[in-house]
Structures are given as C-alpha cells and as structure tokens.
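Here's a structure for you.
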Amino acid sequence: MDRTQTAPAFLQEFFSKHLFVPLHGWAFVGALLGTLLVAGLLFFLLSALPPLARRRLMKTLAFVAGLFYAVEFFWPEKGNPLTGYLIPLGTFLRVMGCFAIGLGLISLCTVHGKAVGRRSEGWINSAAFFAAFFAIVVFGFWQQYGKQPVHPGAYTFAGGMFHILFIGMYNSLEPTMFSILAFFITSAAYRAFRVKSAEASLMLGAAFIVMLGQVPVGMILTSWIPPDSGFAFFRLEKLANWILTGVSSAAFRGILFGTVIGNLALSLRTWLSLEKGAYFDKPL
Amino acid sequence: MKHADPFMAVLLPLLSGLILVNILRARRGSDLFIRKIPGIDAIGEAVGRATEMGRPILFSIGLGGIDIVTLLAFEVVAHVTRLAARYRNRVIVPVVDPVAIPVLEEIEREAFASEHRPEGFNADDIRFLSDSQFAYAAGVVGIMHREQVATNFFFGIFAAESLILAETGQHVGAVQVAGTPSALQVPFFIVTCDYTVIGEEYYATTAYISREPVLLGSLVGQDWGKLVLLVLAVVGTLLTTLGAALPTLKPVADVFVKWIGGG
Amino acid sequence: MKHAELIATWTGAVCTLAILSVLYRENRFYRFFEHVFIGLAAGYGLFVAWRDMLWGEWWKPLAHEGKWYLIIPALVALLYYTVYSKKHAWMSRVLIVTLFGLGAGMAFQGFAAQAGPQISSSFKPLWGNGLTPMQILNNLVFMITLVCVLTYFFFAFKQDRALVRQPAKVGRWLLMIAFGATFGSTVMARFSLFIDRMQFLLGEWLHLLK
Amino acid sequence: MLEWTIRLQTIDRRIIYGLVIGLIVLALLWDFPLPQAVSPEAQSLYETIESLPKNKLVVIAADWGAATRGECAPLTAAVVTHLFRNKRPFAIIGFAAQGPELTTAIVQKQAKEFGAKYGKDWCNWGYKVSIDSTLLSLAESIRRTIPQDVEGTKLDDVPLMKRVKGIDDVGLLVEFTGSGTLEAFLRRLPRSVKIAQGCTAVVGPEQYPYIDSGQLCGLLVGMKGAAEYEHLLGIRAQGTAAMRPQSLAHLLIIVLIILGNLGMYAAAKQGRDLKRKGEAAT
C-alpha cells in the first residue's frame, strides 16, 4: 500500500540511477543548459514537420498516452511494469497544470487591462479586479515569507491584511454565492412545479413528499400513524426515505450504467483517433 | 479498484469490442437508426431565437477542462458557433480551466472561417473567469445580465452552480438548452431549462448532430453494451433469488456473485 | 494589525450584502464585488499553486536539491503558449491531444471503479427465507426501475416495438420521480447554507443572536 | 376573486425572495418550539454510545471542510457533547485537510464547559492523506500508523492512549462527511469496530442501505440529524435552532407550489368559461 513498497517499474531503476540524478554546481547548470538545448532542437524539428506528419504525430502521441494507463490497469498488480511511474507522472502533470495558470491570467489581464486603458464603461470594476488580485498575491506571499507574528494569534501587518482579504472577503463572497441557491431553488420550484403533464406531476409529487418528510412540520401530518403498525410505511418520513433509497437510487444507477458506457465509447474513439469533429478534423 | 479484477478483464474488452465492431460496421455503410432526442433538435431553434432578438448566445462548458466529458462539449460549441456565424451572431464562452482557452479559441476561429466570416471571431468572447467554482458562477451571472443573452447552452460537467446559472438565465428571459452526464444536476436543469439532455443522451449529442457513421456506429455499440449490463443484472438477480430459495443452488450463485464482485 | 478580526467581520458583511443584492437586480454594488471576487480568486489561486504545489514539488527539488530534470514539465507546458503565435499555434494542440489521450486511457480504470461495485450490488434476491414482504417489494421495485431506466437510454433499437417502447416510457416516468426526489432532498442543504450566512450577519456582525 | 387567484401563478420573484429572507430572520430571532421526531437511526447511535464499555476509545473521523461546515459542524457538536457528558475518551482523525482543525475548534469550545482536558479526554491524530492505506495500516497497528499526535507528542505519552493498545480497543468510529468516503471504513476496519456516520443531506440517501445491512450502527443526516440528536440529549443547540428556519422555508416552498397550481387552475377555468361564452354568442 505504501508507495515505498511498490516495486520499481520497468527501467525505472535505470533511469533513476543513470539519467535522472540530482546534480549540483556546474554539472547542474550544464544539465539545465543541455535540456534547454535539446528542447530548442525538438521545437525546431517540430516546426519543420509537414502537415501530414503533424497529424500522424498527434495520433501516435494520443495512442501512446492512453496505452500507458490501459496497460497499467489491465496488468496484474504483482510485477506491474508501469505502476511505479504513476506518481512521477502525476507530479509532472500537476506541475504542468500550474504553469497553465498563466493562460488564464493573460486572458483576464487582457480583458480588464483593455477596459482600464480605454476607460470604457465599467472600467472601475476592472480596476477593482486588478486591486484585489495584486493585494491578495502581495499580502499572501508577504505573510508567508515575511516576518512572523511574535505571539501566536496576533497579526503582523501583512498577516492582518491577508486575514481581511481571505477570511473577511473571499470566505464571505464564496459561501454567499453558494447560498443564493436557497433563493433560486425556491423560485424554480414555484415556477416549474405545476400539474401540467404526467411527467411534471410525478416530479412534483416526489419532491413534495421528500420535502415534507424532512422537516418536523411535515412529519406531524402523518404522525398519527403508529410507527410499528403495518401502515407505518405511509408515514411521510418513511415514504420519503423509500422514494430516495428505492426508486431514486435504482434510477441513478441506471443513469450511471449509461454514462459509464458512453464515456468508455468516447474514450475509445479519442484514444484510437476515430473521433470526428472540429478539434480533430481541422486542417493543420 | 486499482487494477482489473478477473471480471473486469472480461467485461471491459467485451464492451470495447462491441463498440469497435459496430463502428467498423457503420463505416462500411449499414443504415443506422437513432431515436429522437428533442433537446438536441432544439439547438438550432435556440440559436435562431437569439438572432431574431439580436442578442448574443452564452455557452457554458461547466467545470471541466481537458477531459473526455468536456471534449464532447467542445464539439457542441463548434456546432453552435457555426450556426451563430451563419446568422451573424456571436457565442460567449466563459471557462473555468485556463487550458480550455486555446482549444476554444481555435474552435471558434475555425467555425467562423468555415462560414466565410473570419472577421466575426472575437477572442474576447472566450472568457476565462476563474478556476474557483463560485467565482465562475458570479462572473457568468454578471455576463448574463450585462450582455442580456438571449440563449444559454449548458453542456459539460456541472455541480451545485448549475441552478445559479440556469435560474439567472430564466431571470433574463433566455431560451436554455442543457446537457450533462452529472446526474445529480439534471433535476435543476429540468426545472429551469426549455430542453434538457439527460445522462447518456449527452454522449449521443455529436452523433445526433453530425450523423457521422463512426459516431452512429459507436452509439449502436453502446446500446449493445447496455444490453450486456442489463442481462447481467437480471441474470445475477435471478441467480441470487434461486440461491436464496433453493439451498442446493446457493454455491453456484455465490461463485457468480463473487466473480462479478471482484473475486 | 490589532483590529484585523473586526475589520474582517465588517468587510465580510459588506461582501455578503453585495452578493445578495443581485437577488433584487444586477447593480453596481454587485458588479464591483463580482470583479473583486474574481480578482481574489485568481490571486489566491496563484498563491496556493505556489505554496501548496510548485514550491514543494517543483522549485525546492529543482533549485535546492539539484533535480535538474524538473525543468522538463515547465518546458513542455510552454507549448500551451504557442497558441499566441499564428504559425506555431498547432503545437499547443499536440500537447492537448496527448492530454486527451491520457484521459482516454484512464477510462478503463474509471469504468471499473465507478460501475464495478454497482453491478454486483444490483443483485437483490426477490424471494427466500428471512426476507420480509417489504424487502421483496423493495428489491422488485429496484429491479424494475433499473431495467426500465436502462431501456430508456437505448438509442439505436427501434422504439416501435412494444418491448422497448413501454419500458422506456415507464423508465422516463421513474426518472422524473428520481429527479423530483433529488430536488426535494437538496432543499434542506441549500437552506443550511443561507441560514449559515444569516447567522453570520445577525450573530457575528450585529450580535442579535443569543 | 378569480382574477386574484389567476395572479397567483405569476408572483414576482422579488416578493418570493423577500418572504424567504423575512421568514428566516424571524425564525432565527424568535425561539418558538417545534415538535421533534427522532428517527430510529439517530436513536440507535445514541444507544450505542450509551452502552459503550468504559474502556473503549471512540474515533471521530472529520472528513469535511468549510464548504459543508453548515451541516457537519452541528452534527459533530452534538455527538461531542454526548461523548463529553458520558466521559468517553475520543481521538480525532481526518481525511479532509481542514477537518481535524475545524473539529478541534468545536471540541475546544465544549471542553471549557465540561472541564475536559486535552490528552486526558480527547486527542487529535491530525490529517492523513490516503484514506484506504491509512485505515489498512491503522487496523494492523495504531502506533505505527500514527506515531505522534498533532502537537508532536508520542502517542504513548498521551494519557488517554495508554489504555489503547490496538484497533480492538476502539469501540466506535463516527465519521462526519459531505462525500462518499464511508466505503473505505467499511472495507478496511474489522467488524469489531462499530461504525456510525453523520453526513450532509445531499449524500444521505446513499447511506441508508448500510443501515439496512447492519454495517452502520447509526446515521445522522444533515441539520435534521443534528436536531434529532440534540433532542435525544435534551439540549437546544445549533441543529435545533436551524430547524426553525428550515421548517418555515420548506413550508414556504410547499405553499408557493400550491398557490402556483391554484393560479394555473383558475386561469384554465377562466379560459374554459370565456370559450363557452364565446360559443354562446356566435
């Protein structure tokens, strides 16, 4: 179970002994420069590829990438040649994911930068965006790496500002946005739950029973049915529970069986480059 | 489950085989039927409505990014954008995952170009809002109000924010079409949207729109796959019942259930 | 910063009211705090990505422990940014298609983890000793629901056959019951959130609650 | 009259929102009594703790964070009150990053009231990353899995842990969660450890089958669960206080649905009447 107990994967020991070795001093700088050089070379080669080869390259990469997880899964746990690579690959992907944040920041800064630059309508809001963004970044790093408070529980200036920005503002904005659902669920129920058709009525009926079965006020309605009699099933809380655990869970299982197969089919098509559509058929 | 147990080692290749065989069959050109899915039929009509009103379209791909479920949403974005480009309208796509930005930019640019209106593409319509669920929701609510969108599409993975988005759409009077495999959010889309594509219907969207043989074949394969699961459930239930009723049959039932439960 | 807690409570109250104001209608107050929210989320995301991820898993091993090869994920990630060059934009696609491939490969494991336990736990006996009539009824309802709902999701089998059409119709009805029940059972959770907010406003901020 | 009834199908949403806010503020400020039924699942958790042998340890698994605090905090508080009141020592463990920290805050607040001490009456094992592997090794050896508590004290030096040798000395584990983490506990822990759960209303329905199968010895679902448990303990805390606005909110939705349908019915009736009149005139 422990990751240290997993046997090294195929060639993993070789890599960690001979290739991916921590280096220091000039060797480190040399390795970095070497990697940059190789990367530059690869980039040059890549940009020289003719369109047909580009497509073939993509198909191959997608296939190999998918093959990795497929083989890892179908090969038995004992002596699995790939399991050892799961953790390094996970780290690799997460680090890559972090570097993609820049794409989002560029997008946000272009849109809001334009608004502030042109003083277009609502530019004040865009300025507020920048102020909030820089404030939490600056105070975040400052309180993390700057002077620490003398007494536990006390705040430095940066710590206090971060507290105001994060606990005061962010931690209020987020749950309040979430809590708007209480209003929207009410107005949606009022507007949509009308006895118009068989389907709408069934949905309304089930929602009605479950809602009543959840609060004391609703339970009183049927509390005259003795809980140990044969009719106890019709007590609202029991009936509500039965709909949820009997019908509802079976229906959701049916949906799940459908979606997992749909997902499997879409994955197979993507993996084998059989998928048709805008992103795959576009000329390169 | 970390690795395939004996049952999965049989079931998964079987299901994959059924899907692939049917894709090959469809490629050779057998005539394939597909039932009506009203939610997908409504896409064109919803785009048309926005154009009549002269207001933009908003397309939310949910909380996903570069994953298989959202991949399908990208295809629907492409379809909607092509229709919108034809009618000289535009499609605003707010996103959660920054990696989706390059994908969507290419898709929209391509869609406008294919309708001979490359100048209609505006990179600012692909809007990264936030990778935080509710900051994203707050941003989409703002966009819906300020742009007075006439049509909303919700295709992809959704969580609790589904109702925030779709109910706001109701408030601004938009026509709404939703599709999601996130089963728990379907009820909220049903009560707020004009059309809702439920569960696996979502995975049928591209096949339904494009009538591409590969996709239609895959859909037939999926049906066979569901049939396999259905038969498994019925046979398993019957065996369990027989095992419970007749003690002599119990060992047989137990072996079967144990095999399926992962040995 | 002596009064950090107090200021945090007051700014928290202002932020809460600003977001709630959108219920009346979209207004300047909401718009301003919507942008503040997005700014804070972006900044906090950047800060957390560094503190919880990049610092420990990337920068420290790279710069302090000499693990030079960690420069590779950063270089690969640069391919994302080719999207800003018309000529090289297609390279971002090489990366993204590979990621889709990885996602596709995970589908097998995902299928097994999601559907595996659900298949075997669907076998519920419909008869036998020790089963109460209620349990038998429950198991029967379960089976019928599962079969009908699965039938509803058949796309390519022609529905002009009663064998498919009738169960599919019942399946859709059962789905509606399930959706109604889910809706009803979510109400309480959603109100819990708002009650929590009101307890903050009335209690922590205005000190009106005991 | 009919005109008025017809209007009921198009009540402005701002009026509805005003009613929601008004009712909830009213119910929070005005402490009116409400009848409280107790579900058998809550009753059974209460009885399990009552009948727990004195030398057994209780483990609280805090698998929740700020997002589900609204429901998980009152649930945790109610069970902690019961443990303190009966002087049952307990340990906190968490498989969600913020869980143990948030739970500690609840426990510390109550410890003052009950005069309980850290180390003697409770201790904190802290946040653990991988749930399956942690539980698996916990079942083999508590000390090897958790060498020290969050304060860095060796487990052998924590007074209450002295009596606890291994997993057999754990009598009950209560998990609090907003997600589907229960199965790992059922899979990895020996049957000698009784398992109970407090969960949010959203995941509640998925947990009932485990009550039927006897794998769970008790279940508290959402605010309702907290209110039920407080009722059993004879206290009125956060759960009971939240049931007032919850009840009114549910009632409001039900009344609104009925009004909407009345309005629709009236409109349909008017339509029919007009049609009939029109036919008569021609």
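In order of appearance the chains are A, B, C and D, and numbering begins at 1 in each one.
Everything below uses one rule, namely that a residue touches a chain if its C-beta (ideal position, glycine included) is under 8 Å from a C-beta of that chain, and two chains touch if they have at least 3 such contacts.
Being a predicted model, the structure only gives us computed values, none of them experimental.
Common neighbours of chain C and chain D, by the contact definition above: A. With steps allowed only between chains in touch, the distance from chain B over to chain D comes to 2.
Of all chains present, the one whose mean CA position sits nearest the global mean of protein CA atoms is C. The chain pair with more C-beta contacts between its two chains, of A-D and B-C, is B-C.
The chain with its Cα centroid farthest from the Cα centroid of chain D is B.
With centres set at the average Cα position, the gap from chain A to chain D is 25 Å.
The geometric centre of chain A is 17 Å away from that of chain B, both derived from CA atoms.
Separating the CA-averaged centres of chain A and chain C is a span of 7 Å.
In chain C, 19, 22-23, 31, 34, 37-38, 40-42, 44-45, 80, 83, 93, 99-100, 103-104, 107-109, 111-112, 115, 117, 122, 143, 146, 150, 153, 175, 179-183, 185-188, 191, 193-194, 196 are the positions where the chain touches two or more neighbouring chains simultaneously. For chain B, the set of residues touching two or more other chains reads 2, 4, 12, 68, 71, 99, 101-103, 106, 131-132, 134-135, 138, 184, 187-188, 190-191, 198-200, 204, 219, 222, 226, 229.
Annotation for chain A: residues 73-74, 100-105, 108, 171, 173-175, 177-178, 180-183, 185, 187, 189, 191, 193, 203-204, 208, 211, 214-215, 244, 248-249, 252, 255-258, 263-264, 266-268, 270, 279 touch two or more other chains. Looking at which chains touch one another, you get A-B, A-C, A-D, B-C, C-D. Note for the complex: chain D touches chain A at residues 9, 11, 13, 16-17, 20, 34-37, 39, 66-67, 132-133, 136-137, 201, 204-206, 208-209, 222, 224, 227, 243, 246-247, 249-254, 256-257, 259-261, 264.
Within the complex formed with chain A, the residues of chain B that make contact are 2-4, 9, 12, 15-16, 19-20, 23, 68-69, 71-72, 74-75, 78, 98-99, 101-103, 106-107, 110-111, 124, 126-128, 131-132, 134-135, 137-138, 160, 163-164, 167-168, 170, 181, 183-184, 187-188, 190-192, 198-200, 202-204, 206, 210, 212, 214-215, 218-219, 221-222, 225-226, 229. Contact residues of chain A toward chain D in the complex are 1-2, 171, 175, 178, 182-183, 185-187, 189-191, 193-196, 204, 208, 211-212, 214-220, 223, 237, 241, 244-245, 248-249.
Taken together, the chain D residues at the contact with chain C in this complex read 14, 17, 20, 24-25, 28-29, 69-71, 183, 200-202, 204-205, 222-224, 242, 245-246, 249-250, 253.
Interface residues of chain A, counted against chain B in their complex, comprise 72-77, 80, 97, 100-105, 107-108, 110-111, 114, 173-174, 177-178, 180-181, 184-185, 187-189, 191-193, 203, 252, 255-259, 261-270, 272, 274-279, 282.
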